[in-house]
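Okay, so here's the structure we're looking at.
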Amino acid sequence: MTSQDILQVILTGVTNGSIYGAIGIGFVVIHRITGVINFAMGDLALIGAFAAVVLSKMLPLWLAVPLGIVVAAASSTLVYALAIRPLRRQQLLVQVIATLGVAIAVRSLLQIVFGSGAYQLEAFTAGPAINLGGATIARQALWVVALTVVIVVLLTAFFDRTMLGRAVTACAVNPFAAGVVGINVALMAALSFGLAGAAAGTVAIAQTPLSVITVLGGLTLSLKGFVAAILGGLDRIGLTVVGGVVLGLIEAATTIFAGSLYTTLAGLTLLLALLIFRPAGLTRLRVSTRV
Amino acid sequence: MSIIEVSGLRFSYGPVEVLHGIDLKVDEGEIIAVIGPNGAGKTTLLNLLGGAYRPRSGSITLRGDDVTRASQDSLVRRGLSLVPEGRQMFSSMTVDDNLLLGTYARRREIDLDGQREMVFELFPRLRERRDQLAGTLSGGEQQMVAIGRALMSDPSVLLLDEPSLGLAPQFVDLIMRTIRRLRENGRTVVLVEQNAKAALRLADRAYLLEIGTVHLEGPARELARDPRVVAVYLGGDAAL
Amino acid sequence: MIVKVVPVAAVILVIGLAPLVITDSYTQGLVVNFGIDALLALGLVLLVGYAGQFSLAQAGFAAIGAYGSAIGTVRFGWPPLLSMVAAALVAALIVYAIGRPILRLRGHFLAMATLALGEILYLLLTNSEWLGGSSGFGGIPPFSLFGLSFEDQRSQVYLVLAVLAIGLWFALRMKSSREGRALRALRVNETVASAHGVNAARAKTKAFVLSAVFGSVAGSLYAHTMMYVNPAPFGVMHSVEILVVAVIGGVLSPWGPLVGAAALTLIRETSTSVIPSVLGEGAVGAGEEFTVGLLLILVLVLMPDGVVGAIGRLRATFLPRRPATPAEPAPAPPEPVAVAAPPAGPPSRRVRLEVSGLTKRFGGVTAVGDVDLVLHDAEILGVIGPNGAGKSTLINLLSGVLTPTEGRVLIDGEDVTRAPAHQVAGLGLARTFQTPVMFGGMSVLETVLVGTYTAGRTGIVRSVVPTPGVLREERALRAEAERALARCGLAHLADMEADKLSLGHQKVLEIARGLAGKPSVLLLDEPAAGLNRAEKQQMTALLRDLRGEGIALLLVEHDMEMVMELVDRVHVLEFGRTLRIGTPAEVRADPEVIRAYLGVDEDEDDEGAIRVDH
């Protein structure tokens, strides 16, 4: 193993990890406010990516990308309104199963429209891959990493600095008290779905020029994003991205040393091990063991 | 004119009716005490007034407008704030953030700095603690935050649910003096208390609730002398 | 009994006739698929419907069964039955290892963990050259048993339907067995089920193991009917479809999967015939998936308890089987008050519950501080105190729901300080809850039967085979439950649905449920809250009788009239500490107690102060 290999593992790991982290943020934002694990997270992000691909055929890229993000956010909000909100009096279990229904419906709808072929978007900035001490990183990968950082910064600022962001957090901390001060808890839940869709959608779009997208990619995205979210304790935005990068590095190392056949297997095994041995992830949160 | 009028208010948790038709009115500038033993329905009544629950039947008016089914948000905008039982902090947020969120429903009209200054004047302790997480405060300090948060929306009517619960005597005293000051500033107060003595000393009129009905009502002074109050709390022949 | 015989007869009739009526091989294939899907979903119902968790690895367990049977028969030359059992064992072991830790957690960790597990299994199969990779391998012999070979398709229809019938029998027996009742109670409220001796994590793990075994067996059947295995049908999508089958049919009834599987078969058939003409040939799979996803959401929103649940509700609306309010029986003959305990018992009475230095801190807050307490046979101890005094915390500490920070709790001399709730229940302590918790869908008698849990021993698997021993135990538990009901004057309501009872009856029913476990100590958390005057009087009489029978009662209650009338001694708490212990009269006249209840009296002059007449 050369230092070049190690550098390549790091570059690939950080790039892919950013994607997982951003999807994970989607899980975290929704889970914090509503308690729901949204199985459709990856598929909703893909809606954004496919929208951007379609829009880029008729609009300039700088317009197609933001519109794609808007589509992802809007779809996610719509999912809340149509599938989650009507089930608010049911157990959480029922709401979670409903997101599974959404995941299937979204995926098959995409398949009906786009077929199962691969789609790609042109890179945001043209140019050859950058060589770093023998390892390479695509320019688009820098976009992916940078956008993930921007998402973390923006969301953190939103939750910590703005009135609306505090109101959303307040619903997570104490929904009853949030109602008492006049915060519309349902509206905030819808907003959290929108934000999750936007965050996950942004990175799903940004990674489309890097590797192709297919309609079947949503489930994999969801699973990997969930690993990141678990590592972030399903609560911390920054730690979720760290968790995503950890997964990305493990996968990249597995690919180089054991072959790509085992990449996904490594991630899934990590998820299973985490759930069994360390459900609180990288955090010190207490995951209650008794109800 | 009455600022709040409640008539025939009924409420059930599932199949269990806990309020069996409450009538109550509150005049402008009054302090009304609602007392009674545990399980009498005091907290339920206050949560209904504050819009946290929806009644099964009956009506609530605020300054003559029907607000029986009004949202909590619209009630706060109409100048009615609830200080819920158990203080209900945003415990992982700072005191400042808790106060800030108190202005949420009226965030466009409220002068944030001025209002916060008013709260800090009332509770100087909170100024020292403003950057501390609310969950780390003592019970008395949390109660100050809860009242302060409700005052941030500059309400004309304040609904207080058991503000003295679990507090040491000096805090109880402070809270009661604060309530008196709030009235002097022209606010109307509805005070739910198990601590009947303190509440009756403070209030103009009082309602004694027992198992979901109004058992006694009248001037606070008269209730304070009424042996039936003790009987309702501790049992005995006088209750019959 | 008629209700039970009719469906069983119908099932036998269907199994017997179906293969005779259905003769074309296409439809036979459909029936086989239907049976396998229904069996898979039935396994899931054991988990979702009885334990309240869901799994996305059901197709994975089917893969274990299918590949296990294939490997066993083809590679090792084992007989089919042995291969099937070995595969099921493997599935059970995997599930046990994963279920034990994860089922302790709240939330949806199990769903994600099983999703990951399913994917891992799928990838392993796809990547394994030994197992033929993504193209799989064939040559699997037909299922055979005692020389009987299920070779032609008609016999396979028999086989699948028969196994399905066995599964259905299993699920139905289990539902009304001791462990099944425990699981159903657990699903509604874990705390309450634990209070009756149910070990929640273990019971859930058992349900999970069973559901995997069902999945594995269904997979084995699949291998023996297809005679060929490859990874494709065992992907996560199939797990989701099985969940959909369970949800559509309704997860609360073993009959649900049958309805759901029929619905799925119908959707598949319609999709294949309709979608090509609308969306084109290529969209069949996607169109079918879309229908499934949409249907899942619609069913959840419109009829969350599925088709069978919806039918049940319709039937309840239009065909009430029992009068809504059964006639009250003639006033029960007055209970023989043989051993009415004297208020102050002789010193020889046995100490049932002994508590010393009991302390519970939450963070910096002391909810209960240094409480000492003794409770004897045939005694009622009242625990009172203003709001927030720590009364409920005390009950939770004594019953093992909470673990004390310091101090000791002895029941009949045995240290239970750190024992979890289900163990405490086994040692003769029962409790009721402030708001009665009824297990939805259970009758009054079944509800009380949950209370007999600690008295029985029959496990899930044994309960399925009605051996004399099993039947004898069930009869004994039933008799005990009926006795407890009669004891509390509820015998006439035994067949009613428990959650349809009035609050007053529900409160009494909780006591009956507690008594069914034959406790020596009964903790009552506000039994009179919300009752009207007449109901309170009945409650008072009942508690007095229970004392007369020698049970040690601890009564937390706000209704002072009741407390003062009923109890032998009163223990007053304030801020979690003992304020006073005494007779009702002493406590009521105590100025400290009055202060605790009515407030601080710091007035110099007594104007506005409340005077108390002694």
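The first chain written gets the first letter, and so on, giving A, B and C; residue counts start at 1 in each chain.
We adopt the following convention: contacts are C-beta pairs under 8 Å (C-beta built on N, C-alpha and C of every residue); 3 or more make two chains touch, one makes a residue touch a chain.
Because the structure is a prediction, the values reported are computed rather than measured.
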Centre-most chain [mean C-alpha coordinates]: C
Chain pair showing more contacts of the two, A-B and A-C: A-C
Geometric centre distance via CA averages, subunit C-subunit B, whole Å: 40
Rounded Å distance, subunit A centre to subunit B centre (Cα mean): 43
CA centroid of subunit A to CA centroid of subunit C, Å: 36
Touching two or more other chains - residues of subunit C: none
Where subunit B touches two or more other chains at once, by residue number: none
For the subunit A and subunit C complex, residues of the former touching the latter: 35, 37, 39, 82-83, 86-87, 90-94, 96-98, 100-109, 111-112, 115, 219, 223, 226, 230, 261-262, 264-265, 268-269, 271-272, 275-277, 279, 287-291
Subunit B-touching residues of subunit A, taken from the complex the two chains share: 163, 166-167, 169-170, 173-174, 176-184
List of subunit C residues in touch with subunit A within their complex: 48, 52-54, 56, 98, 101-102, 104-109, 111-113, 115-117, 119-120, 123-124, 127, 190-191, 200, 236-237, 240, 243-244, 247, 279, 282-283, 285-290, 292-297, 300-301, 304
Subunit C - residues contacting subunit B, complex: 365, 386-388, 435, 502-503, 526, 529-530, 558-565, 575, 588, 593-594, 597-603, 608-613
Interfacial residue positions of subunit B with respect to subunit C in the complex: 13, 15-16, 18, 37-39, 139, 162, 164-166, 169, 172-173, 193-201, 220-221, 224-225, 227, 229-230, 233-236, 239
